[in-house]
Amino acid sequence: MRDGPAPLLDVADLKTVFHTRSGDVHAVNSVSFSVAPGELVGVVGESGSGKSVTMMSLMNLLPGAAEVVSGEVLFEGRDVRRMKRRELLTLRGREVGFVFQDPMTSLNPVFTVGRQITERLRKHMGMGKGAARGRAAELLKLVGIPDAERRLGDYPHQFSGGMRQRVMIAIALACDPKLLIADEPTTALDVTIQAQILELIKDLRRKLDMGIVWITHDLGVVAGIADRVMVMYGGQIVEQAPVGELFARPQHPYTRALLQTLPSVEGTRTERLTTIEGQPPQLDAHPSSCAFAERCPNAFGRCMTENPVRLDVGHQHDVACWWDPATGEPRNV
Amino acid sequence: MTAEAAVEAVEDRPRTLARDVWSQFTAHRGAMAGLFVFTFIVLMVTVGPYIHTIDPTYLDFRARNAPVSWTHPMGTDNLGRDVLAQVMQGGRVSLLVGVTAMGIAIVLGTLIGVMAGYFRRLDGPLMRLTDLFLALPILPLLLVIILLFRDTLRTMFGPEAGIFLLVVFIIGITSWMQTARIVRGDVLALKEREFVLAAKSIGTPAYRIILRHILPNVLSPIMVSATLGIATAIITESALSFLGLGFPSDFPTWGRLLFDGKDFLDLTPARVFWPGLVLSLTVLSVNYIGDGLRDALDPHIRGR
Amino acid sequence: MSEASPRKLVEVRDLRMYFDIHKGILRRKVGEVKAVDGLSFDIHEGETLGLVGESGCGKSTTGRAILRLYDPTDGSVVIDGVDVAALDAGALRKARPQMQMIFQDPQASLNPRMTVADIISEPLREHTDMDAKARLARVRELMDAVGLNRRYADRYPHEFSGGQRQRIGIARALALNPKFIVCDEPIAALDVSIQAQVVNLLEDLQRKLGLTYLFISHDLSMVRHLATRVAVMYLGKIVELAPRDALYARPRHPYTQALLSAVPVPDPQVEATRRHIILEGDVPSPANPPKGCNFCTRCPKVMDICREVVPEFREHTKGHVTACHLVDQEQDASPLRDNDKIEVQHGEQL
Amino acid sequence: MFAYTIRRLLFAIPTLLAISFIIFAILDLAPSDPTGNLPLTIPPEVREQIRASMGLDEPFAIRYLLWLNQFFINEPLNLIEGWTGWQFGDGDRLRVTSWATRSPVVDLIIERLPQTLWVVGMSQVIAVIIAVPIGVISAYRQYSWFDQIGTFVSMVGFSIPTFFTGLVFIVVFSVNLGWFPSIYDTNHRVTDWDSFVFQIQQMIMPTMVLALATAAQLSRYMRASMLDNLSADYVRTARAKGLGERVVVWIHVLRNSMIPVVTVIALNIPTIFGGAIITEQIFRVNGIGQLLIIGIQGADIPLVQTLTFIFAILIVLFNLIADILYGILDPRIRYE
Amino acid sequence: ERASDGQLNIIYWQAPSILNPYLSGGTKELEAASLVIEPLARYDEVGNMVPWLVDEIPTVENGGVSEDLTQITWTISEGITWSDGTPLTAEDAVFSWQYCTDPAGGCAQLSNYTDVESVEAVDDRTIRITFSVPKPFPYGPFVGAQSPIIQKAQFENCLGERAPTCTDENFAPIGTGPFVVTDFKANDVATFEANANYRDPAKPAFATVNFKGGGDAASAARSVLETGEFDYAWNLQVEPEILRQMAAAGQGELVSAFGTSVERIMVNFTDPDPALGEERATLAHPHPFLTDPAVTRALSLAIDREILVEAGYGDAGRPTCNVLPAPEIYASTNNDWCLEYNPEEANRLLDEAGWEMGSDGVRTKDGERLSVLFQTSTNSVRQGTQAFLKQMWEQIGVETELRNIDASVFFGGDQSSPDTFQKFFADLEMYTNNFDGTDPERYMANWACNEIPSPENQWLGSNMPRFCTPEYDALVEQMGETAALEDRAALAIQMNDMLMDAGAIIPLVHRGGVSAKAASLEGVLMNEWDSELWNIADWSRAE
């Protein structure tokens, strides 16, 4: 499956645990994936499935209670988890850009937007004050904020939600990163603004040739921009395929259910929505069974005793499920 | 969300809020230690005098400035009074002052805070009133009020009860403002919460919204203010004693004992050490209990 | 569709809700946020009117003003023959059981310190004289109706999942057998997999109990699924109101068009070929709306007249109302032909 | 912001007037008497005469208005004259006069301000210097041993009355160790290095007593505020930008955390003046707190009235400052 | 040699608020001012009058006092100058009199000029004072710290109403004393330097004086006895064991002297029952039981005064049974029965008088309980004493309720306050009183009938017990006409005994002053009759 260019990011067997008062939460369980340069990988999954935690684990941006217990993160072949502090800072600052979930709170309210952009430029691009300002204004223009020069002096609260999200993108893009990780950057926004931003990203991606990881739980968005999609459930990647392939031949029961629950603005209107019954899994122990088994219409004995491994089903498509939808029978592996 | 759902999946027995709070509270080590110490002190001052039966006001001239011994576990003072007996007696008063004054402050503060927060029309006047009280310099006023009303109260309730009421009243009436402000802030936010809107859409009248929806939800800042209130009231009482106000000198309180004993630091250190220790321990334990309560009552923390 | 002419349950006329802005040394009123600026529409008995629009355009305010949770600045709201906008406190309280609301955030709309049974029985306590036993029986009934396990009656909201919490909210709204329910983004805070459950529940209940919904949402695909007719709001005004299929198939107002085109479709093939209308800029502030048409600052088809004259709200085809100069002009050029057809189609569909 | 400030100032006026009236009235009702502390050998007639010479026989309203006039018009004019050398009228205005010293109250207060400001001011500075790092580190390493000990110590500091700490300080550092003087020399002038050292020595104990009590409280606020902010999303953003931990904590988080703390500090200052009363008493700093106590003990009503009222003004003023600071520090409020 | 011993550090824990003794009657002000301004004659440490700015004390014998006792003539010594170099003249004395007697000035020392008809400057150095009545003891004006001479040139514009506005003058009077004010901070600190024009060129030994105030007595004592920061500390009303322990540090020592101060219990002969309303504590209603001498005598007998002294006063107190304990010749010995602590006798007396012990331990007679309300001013020693008394009286079946009132209220004499010692709305009250100088005439007149406080005289009056007998009044009168010292002494003793027998006053402790001085300080002669600092010019630092 990795036959394209050498991967920009390669993650293997990543495990992250939250140590809380009421016990450990295994938020990420043996996640492996890779991102090629210039590739846009969409990550979908329901709330709490570990999308954000996975991405934060990569660059060690987890909150205090969390711990990456195992796994390997290679960025251009360099092992991120064994990096020295300084090297890690440079990696975060120069080569990776992050856009976080909530634009309303992700900017520091007491510093001007200009300062929050130039800060990064000055530290990691070694720019002087003036140069950094110039570049910051350029960036704001790039993300489509009018009157950029003047708005550098404004504070975050003077921007609307959509504009703040664009500022976040500007910060993320400031040092021409090789990898952009965007964590639900449009979930909080209106559709029209979301459309603006999606357009912007498509545009930038063409221009800058970045690898992008785009987290969302909106399958529509994924369908619109991603090259490849990963589906997460219960802290694991349960399915992974190029976008067309996934929508055309979803393999995992969760993915299939998800696609069916969605009404659409176009096409035929369903009379009744399909639902996924049951509760999301509890993450208090390392899984010994399939996390989706309890809600799965096709679950059978093996699902309860053995956590499925990811199986290649061809067309660069792999899935972690013991059951084969094509045959309607368990896979024999 | 998942965590809560998870909780639900595991436990089927119905749980109550109180039990939840309690289990969270017991997980707080400091708070439990505080509760233990506080209980111990309360027991000491309530049950103690039945075990150590020396009359705290009895002057045993031959035993003045006695060192620590079995008969006088904390020694005696310069007039031969037993310090332990006084500490226990004083503790009753100090604790009672703390609790009652705090009670007044909390009731007033909550009432005014809720009124100001909930009724937009009352907000302005009540907050001005709060500002006014905040801006009143307490100390001189305390003095004057005590001087003014001491006699009336004394004749009405007797010397000790009278001054007790006065001290408690004054501390209470001058320390509700913080609570009022905090409560008002919370009520302002709560008022906009959808469950209050939901109650309104049902047609629940204002007073019942306040009782049913607002008050229980401002409970946690109130509880925290309450614990802080006990602590400050005890300290304020002792400061009053320091300035020669407050209770008559033959009526021990912890502050009074400290004040009277401070010059004897070299001679009979036990006389200052023990009241100082119980005073500090009480304030400390109450503060820790407050800390624990805050955590336990905070749904954000509890939810996780 | 108009032949059957179902009874109008709710009639909103020229509803306005302005919030005052105070500024300066003396806190004098210096302006108003025109959150809702002259809405008129009807809701028929048994139908679902979808209300869509961007964040901050005044959807929630509309819903609340209709239920008299805000005192409207102007206009009338007649629900079942009673003008609730003009009722006094006592009469309003009596009218409350008729109309209920389901809220956006299931967490925030439930008092975290009350048990489920308490929450659901609160309306019963306020409006009926049932005793505790009768109330509990009714609560159980309601919990069954919304698909909550009866055993959970004395649990607290935080012990439930989002979807379950929303069910509690729905049960509370149903307690007094209301005719009309305002659903203020009841699914926005829910996960995709749970949204469907709640929407299905709402549909089932409507069918069973003959409820009338005002369904507020910014999720156009859900609205398409659920609503009978759809109103599109922009900056305090309705810009387009039409039967659902007419609106989705043939949006007329440029804003509606942009909105629909911006909704991503979960199908890579469709997405690859779809043309998105990308609007420039942000929504203006309702405190300071532009002169003329509210949409003129972002409209891709803006004309000079739009910056001057407020477009009128006109019913060009039966049941399809638009407020747009462009539509007016097109209409004038080619009076009523295409639209007749469309209308007929819709009539059949409904 | 400006309008807001002006508005607050305007609101302060009726509040202050109300307070002035309350203070005046309550103190006037007080049964204490300026001649109460005179030796008993002074016969009653003489006492009567002394009272009359103090203007005690005027009716209440007149005295109140007179006092208002003196306090709000005459004294400010005098101060302006003193500072600028300008002359308004004949300069012979009736002033608020203390009964005990027979001298203008305002002069007494001005004379005492330096030591109070020095001690209270320094204690605040030291309190902040102690409290901020403790609060920051406690929060940054929440539940570490540093945090636990910090919490414990600050709670202990919070729960011991200052009169007690002060005394222990004197016994330990003055009597037993002989390091610092137990009595503050208000006449001391700093002229050279040695006198500077002495000034520091004599300030250490009163300042520390106050500072410790304040720091205990401040560090709690600081910690809570830091905890709030450390988990905020923008911190993650800052880290993601590749900023070092030091910059993240000491610039991004601290700046935000200081917003509530600074207002707490500002609100605290008037109470410190109150708390300083006891400290001043213990170390003979003889600042305005001690003046107040003497005034109360000596029933020097004009002095007490003026001082309490000045305290009230300070409280109102610092409330205002707190609010304005809040606005200045927090841009969300600044552009209201 | 003048100004050779550096700085003298004095601490008065109550700080002086003004340096003009005419505008403040407080001891602290008087004593601070005594460094600067002086009277014509002073009392020495044993109470003898010594000429100060004059060469000799005028008497009838040396012709200084007229035969009819209405005139006294003082002659200022040669060459006495103010610190500004101008000579002290009789005019200054005349001015001092005018200054104090101006009705609008509010002079606190007015009583020193009682009955003075005129003060004249006969010549530059001769002052003649004329009294309106014969004065057997004509040494009121210009004798002792209470009535010093102020400079006319300085205070000329400060007469009457203007007195309080002269802040500069009041804070830095010019005097003839050994020191000159250099700086004065009211209620805080005063600094002085040696007077260059002082009459004795070798004095004072100290170049400067730092006169600090504030804090409390215990810490003032500590600063002299333990830390050695100060040389002299005044009025150390501290528990004796503390003082003793501090003195053990060796930095300094305690000095004490006895004057006329007596801590006493005043017995209310009138009924303070609040139910009486307006007539509360007036002669209209005699006290239900305190007028019974058996009761007061029993109360007195049941007091172990030794314990009170030991617990509260130490070396600065001794038990006394007289309200007039000094000077020596005035002290009665007829009441010494009370020195012996004798509860049995007290119980016997009460039994005899028909007071029967009740089941609750309180005696009753005709339904009247022996229950007293006992008030005093707030002060830890007094509260200790109160507690002891309460316990001692419990032994004889007397129930005591204690009350303490802030001193400024208790002694404040405010019409509206019910808590003043003059209203005496209690059964017993305790405080200390004394008299200035050595002559008890005015003091003993305190218990005349016309001195009884009542609503009619706005409760002004010094006869707190409301004791009133014609015999006593007659003695008061007689004393005003008697000149010979021995006769005056006999009269005083007689009056003292009369009060004791009636039980109007229960004396407890003869109180002395205690001060502390640094070990290195020499020349201190503790004086209770005049300013403690009376001879500060003679103080010096040991080598």
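In order of appearance the chains are A, B, C, D and E, and numbering begins at 1 in each one.
Methods note: a residue touches a chain if its C-beta (ideal position, glycine included) is under 8 Å from a C-beta of that chain, and two chains touch if they have at least 3 such contacts.
Predicted, not measured: the structure shown is a model, and the values here were computed from it.
Seen from the Cα centre of chain A, the chain whose own Cα centre is farthest off is E. The busiest chain interface, judged by C-beta pairs in contact, is D-E. With centres set at the average Cα position, the gap from chain B to chain E is 46 Å. Here the CA centre of chain A is 32 Å from the CA centre of chain C. A straight line joining the Cα centres of chain D and chain E is 38 Å long. Averaging Cα coordinates per chain places chain A and chain D 54 Å apart.
Touching of two or more other chains is recorded for residues 29, 31-32, 296 of chain D. Each of residues 47, 279-280 in chain A touches at least two other chains. Contact with two or more other chains is made by residues 161 of chain C. Chain A makes touch with chain C in their complex at residues 46-47, 146, 160-163, 190-196, 198-199, 217-224, 243-244, 247, 257-259, 261-267, 269-270, 272-277, 279-280. Residue ranges on chain A touching chain D, taken from their complex, read 56, 59, 61, 63-64, 85, 89-94, 96-98, 100-102, 105-111, 116, 119-120, 123-124, 155, 157-158, 168, 171-172.
In the complex of the two chains, the chain D residues touching chain A come out as 142, 231-234, 236-244, 252, 255-256, 259, 329-332, 335.
Taken in their complex, chain B has these residues touching chain C: 1, 4-5, 7-8, 12, 14-17, 20, 193-195, 197-205, 208, 212-213, 216-217, 219, 299, 302-303.
Considering their complex, residues 11, 15-16, 18-19, 22-23, 26-27, 29-32, 151, 155-156, 158-161, 163-164, 167-168, 171, 274, 277-278, 292-293, 296, 304, 307-308, 311-312, 315-316, 319 of chain D touch chain B.
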